[in-house]
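Below, chain A partners chain B and then partners chain C, in two separate complexes.
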Partner chain A sequence: MDPVLTSTLADMVRNAAPLLIASQGELITERAGVVNLSLDGTILLAAMAAFAVSYNTGHLGMGILAAMLIGMLVALIVIAASVFLKLNQIAVGFVLTLLCADLSTFFGRKYSGQQGQEIPYAPIPILKDIPVIGEVFFQHNILIYFSFLLVIVVWLWIYHTRFGLSLRSLGEHPAAAYVRGTRVQLWRFVYVALGGALVGLAGATYSLSVKLGWREGSTLGNGWIALAIVIFGGWRPFRIAFGAYFIVGLRALALYLQKEDVLNLPIQIINMTPWVLMLVTLIFVTSGLAESLLVIVPPRWRPAAQQLLRVKPPGALGSNFERG
Partner chain B sequence: MTAFRKFLIQTSSRTALGFFPLLVGTLVALGVIVLILNHEHVEPRAVYDLIYERTLSLPENRANVVDFWLPILLCCCGLLLTFTAGLWNIGIEGQITMGAVGATSIALFVKLPHNQQILTELFMAGAAGGAWALFTGIMRTRGGVNEIFGGVAMNFLASNFSTYLLVGPWSPPNATGSATVRFPDYSLLPSMDKYRLSPITIYITLTAFIFVLLTLSGSRWGLQLRAMGKNQKSAQMLGVPTERNIWLAMLMCGIMAGLAGGHLVLFRRSNLPANVSGGIGFLSLLVVLLASVRVRWVPIVSFAFALLYSAGLPLRTRLQLDSSLVGIFLGILVFCVLIFDGVRQRLQERIEQRKLLAASGGEKSPPPPTIEIQIGEEVSSGSSSN
Partner chain C sequence: MRLEIREISKNFGPLKANDHISFTFEGGHIYAILGENGAGKSTLMKILSGYQAASSGQIVIDGKPVQINSPHHAIAHGIGMLYQDPLDFAPLTVLENYIEGKPFSFFMHRRDAEADLMARCKVLGFSLNPNAMVESLTVGERQQLEIVRLLSLGVGILILDEPTTGISAEQKSQLFQTLKNLAQEQNMTVILVSHKLADVEELCDEVLVLRRGKLVGHRLLPCETEIMVQMMFGKRLSQTSSQPLYTEKPVLKIHKLTVPARLFTIQNINLQVREGEVIGLAGLDGSGQVQFMRAIAGLGRPTWADQLTAIFALVGLWWVFGKVLDESSAVLNLAHIAILILVLGPLLKSLYPFIRQRSKQAEATEIILHGQSIGWRGYRDLLGRGVAYLAAGRLEEGLVAGLTLVDHAALANRSSLPYVNWLQAWRRTKGAITNFAIKGRPFSQIQTLSGGNQQRVSLSLLPDNLSLILLENPTRGLDVESAGHIWSLLLKRREQGTAIIFSSPDLDEVIDYSDRILVFSSGQTTLVENPEQMTTARLGELIGGKS
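== the complex of A and B ==
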């Protein structure tokens, strides 16, 4: 295989990791029935904090921990405002995203452009030597491997454990979950905190691995992309992972084609394509257009195709729950 | 019952509690800023003096604040319509950008008699902003794409499109692509003699504000928008044309945002720079949130925001403080007001429950069915979960 293409694919896997982690975190949050709209600001603040803490302490672990704590704290503010004060989750999340972005700019200015630490390269023995696949998937650092593993763990958790069933019931029908004995508010707090910690980890992945260092607004826009990927992925882990790779891959492919002189488009137009495609796909899937085209699919394949195209948000997404 | 709680209950008149969130929010935000300034070894008094000096001390500085205020107020007017209808028009940044691009397309390449030139530029600004917003509305109603995500995508598309124009077809010769050439004088909005203010923008903003005030306070359409904001499904069942109203509200908001973008390039900048909106769309969203979608509060709140924002640059140049400090202050302020408004509502609910309990002779009765107006959400009634 063309070595340029292989390295492009490896870059794609690396660049998609933070999006993958953040979108899986948001998936857990939304499956619990809570919308955390603060992702964009949280990722920025967490990226800055991860860099600043690891820069000052010399410990990468401390940086990652700080980022996760920030993500968790912001997410807990969103859920606490919703549960205790019945505030609109979207309003609180939106204000927090702007506030966190400004905080990252203000407190991160002395770290801007500084050289810091990097998560060490850790190729996986044996697997790294598999032709093409080894270079694309197994010659990265531990955070990148974590991003693949996370998808599998989240999928297993949601669909193959009792806790996952309870998580889904929190988002679909919290009243029913409560009647069945689930402590709705407590578990919502737990899952939202976990989702927030993953969003914080996504920030750390940016500043310590993917876009090394800190610059004002360096991750701007990625939180919104992660939020859109959750919808694009129909609130399902593997489809979300596909969405993250699709978005990053599209950009990588366009850059590759440009490098190879196959396609000569300005970078701004290339930057627009993921958004255009995301909108087109969302319209195609959510407008019912896709389902209406199912008639041309052979009846044998129809249920599978239906399942693939289904985009249904959790029934109680964004709503407050009160014990009756 | 403690004396303090008795005091709270006694002073729970609407006015007293209404100002409670704003007062506490302002105090908390000021407290945090003082802490940050101490950390940066900057005297709060120096910041206050600088803000006063650069915004209110001289007539030309006051005019500059007003010039900053007008596009924010214009955007807020549009957002009042969409928020009332329960729509989160986060795509307003893109609508401002497209308005600026629309105005620039005429300013750079068309030459007409002055009045027609200005009219055409403003028409293009409004049309481009309106079309951008309308598309988000159509995606919401026909495509099932939530207006928040549709709006975010449209923001990125507008931003990339304007950057493409700046580095590509509209790039001046031997330039870095950070701005177009200065527009010819006949393309620019005229200024007042004494102060650098655009009378046309003042008329447009005043008209937009009166229109929104009248629409939301006493028109059938305003009533329909309110009904949609409370519960879109119920409004639809009662015969409100929800789809048409979503399109109209988005279109009106987009036109106002586009005109704000037009003002930025045709008056304040005299060219199209990169990142032309500069965050005023998001700032306007914060204003409307802080004003709790109350039309009469919006001019005052937006003026206060404009005053603080226009002081951002001097903070950086004179005190070596990042201008994001203003954003932090406003963010904390809006956040605290939201939180303490929630506290106030819960407090009022408890007081009403106690009153009901006392009226029923101590017998426990179910809580009254409260109606909460939540922006972008359907009405939640009573103690139901969904």
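== the complex of A and C ==
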């Protein structure tokens, strides 16, 4: 295979890692029925914290831990405000986005542009030698491996364990989950904290590996992209992973087209294409047009195909649960 | 299982929802708990099923006093509740619904659970597909799933809340047979909460009657219906007599109307409605009664305004894309075309029925209100011309949950002023509360009212001097007294010359109140001119297609 293409693919896997981690974290959160809208700010703040802590202590692990703690803390604010104060999750999340972005600027001033540490490159012994696949997937660092392993783990957890079943049920119809003995509020706290920690980890992945170092607003916008990917992915782990790679792939393509000057178009239009395509795909899937095209699928596979095309949020997304 | 309740009371502030209720439910029997809306039935059920704690009193199961803290706890003690709207998870499969709530294990063990589920279904005679999505099931099947699930958890006392609402007659008889078998063979205690006397008489052995939170009666069945009604309401109901009040002046003429229903297309409906006349629509659920009324009311049909918007949107899109991509390459022109197809497709699809309908109906179909053709007008327009429509889904289509009575009065006011006249809305609400005997305060939210009171509010919001009111199942979910009150309010409207068209699954109601009956039966309609001579059995035959 063309070495340029292979290295482009490897770059894609690397660049998609933080988006993948953040969107899987948000997936867990939303499946529990909670919207954590603060992603964009949280990722920024966590990226800054990871860099600052590892810069000061000299330990990468400490930086990662700090980022995860910050992600968890912000997420816990969202769920606590929702459970104890009955506040709207979307409003709280939005305010936290703005707050965290400003905090990252404020605390990150003296680290801006500094030279920091990088997560060490660690190719996996035997797997790295598989042609193409080895280079694309197994010649990175530990956080990148974690990103695509996470997708598999989340999928197994959601669809093949009883924990996952109650996760799905409490985001869908909390009253019914409660009747079946699920401790709704407790589990919401657990999953939201876990999801928040993953979002924080996504921030650390940026500043310690993918977009090395810290600069004001360096990851701005990626949180919103992760949120969009969760919707685009229909709240399913593998479709979300596809969405993340798809977006990163389109960006790489746009960059390439711009560099080679093939199309002679303003860069803004090329940068817009992922969003237009996403919108078109969503219209295509939700308008029922995709459904009507399913006639070409053999009847036996049709229910599976329908499931694949489903875009329906968890039933109780963003709602407060009160018993009785 | 034997369930004993001792001196159960529940107070909400000064209101005594349950007032020292004591009773013993024996295993192997089927009990009915009757009571009008707000008599305390649901409170008692919530206490038994663990949703709410009683203010005082004791629950004893098989001789042992128990403390029930949550629904899950209640199931552990053997009390299972089947809610009116089954508490299940729509986008999960039947099997997943069955597994959730079982004793914990780390993995799902789908295969074991599936075998277990199938075995239990076989015993009960249910046919459930374990891999079907619950959202694709009917309410009856969802009930079956809940019953199997509760039984698998070892429930010995089954409480059912209005289980016959929304299921077909066939499913109802199957459900009743299952319940009888469970009581006889497995010594289960079955408790049915209902206000449908017919269901109670058909299924139950004993009946308890609650009124204003107190247990006021206990009878063995069979017993006379009148005794039960008397216990429920404390007084004998006088049937609202409906003297015909119509004149010869026609309000509405329908000529060769074609209506698509769920299974058939009903062709060639002709009807003349006179001032002050009541037309009842009878037929099996989904035979086209609702579509017929909606066609008259101008609901669910693209209007000219919608069509114009669509055309403007198309032209706008074409222009925008044309501008942006004017002199670009062939690749982008392809993208241009692809996007247009993707956007145009759904739009054209939404317009298609409209175009077809226009071309088909152009021949002779006409709906004429007071001499003016209204076939192409939308509901907003028709409301101004004196046509009103009340849907069966009160909180879904009629009222806005979360808004107060005053908000509703303000919304219903069709004034063109740019501000809201709150004083007037408040006065109007006060007036409606006295005139329509609504149990509620001006600033209570609409969903906190009982069904009967919600319906009264809907009626109070209709403008005066209407020519035609269309009602879809006006007394759905109401007890006998509320239903009677709604009808007396409706019949009063006839004095202003208002004609009424209504549909109802209750054939007695159709016969009692209609001046003429339009029967919908497998794509055909028959007009019955003299319902006084009609019996329920004869009407049932007409619906079933026997002429």
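In the analysis below, the second predicted complex is superposed on the first by the 306 of 324 C-alpha atoms of A that agree within 3 Å, B and C clash if a C-alpha of one lies under 4 Å from a C-alpha of the other, contacts with A are read in each partner's own complex, and residues count from 1 in each chain.
Throughout what follows, contacts are C-beta pairs under 8 Å (C-beta built on N, C-alpha and C of every residue); 3 or more make two chains touch, one makes a residue touch a chain.
Bear in mind that the values here come from a model prediction, so they are computed numbers and not experimental data.
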Partner chain(s) touched by A:Q268 [first = chain B, second = chain C, both, neither]: first
First, second, both or neither for A:T105, with chain B first and chain C second: first
Chain B versus chain C as contact partner of A:G221, first or second or both or neither: first
Partner chain in contact with A:I283 - chain B first, chain C second, else both or neither: both
Of chain B and chain C, the chain that contacts the larger number of chain A residues: B
First (chain B), second (chain C), both or neither touched by A:W155: neither
First, second, both or neither for A:G315, with chain B first and chain C second: both
Which superposed partner A:Y245 touches (first chain B, second chain C, both, neither): neither
Partner chain in contact with A:A175 - chain B first, chain C second, else both or neither: both
Residues of chain A that lie at the interface with chain B and also at the interface with chain C: 173, 175, 178, 269, 276, 283, 287-288, 315, 323-324
In the complex with chain B, residue positions of chain A that touch it: 37, 81, 84-88, 90-92, 94-96, 98-99, 101-103, 105-106, 109, 173-175, 178, 221, 224, 227-228, 231, 266, 268-269, 271-272, 275-276, 278-279, 282-283, 286-288, 315-316, 318-324
Complex contact set, residues of chain C against chain A: 46, 51-52, 70-72, 75, 81, 87-92, 96, 99-101, 104-108, 324, 328-329, 331-332, 339, 342-343, 345-346, 349
Chain C contact footprint on chain A (complex, rising order): 160-163, 165-166, 168-169, 172-173, 175-181, 263, 265, 269, 276, 280, 283-284, 287-289, 292, 310, 312, 315, 323-324
Residues of chain B defined as touching chain A within the complex: 36, 88, 90, 139, 142-146, 148-150, 152-153, 156-157, 160-161, 163-164, 167-168, 282, 285-286, 289, 322, 324-325, 327-328, 331-332, 334-335, 338-339, 342-343, 345-346, 372, 374-377, 380, 383-386
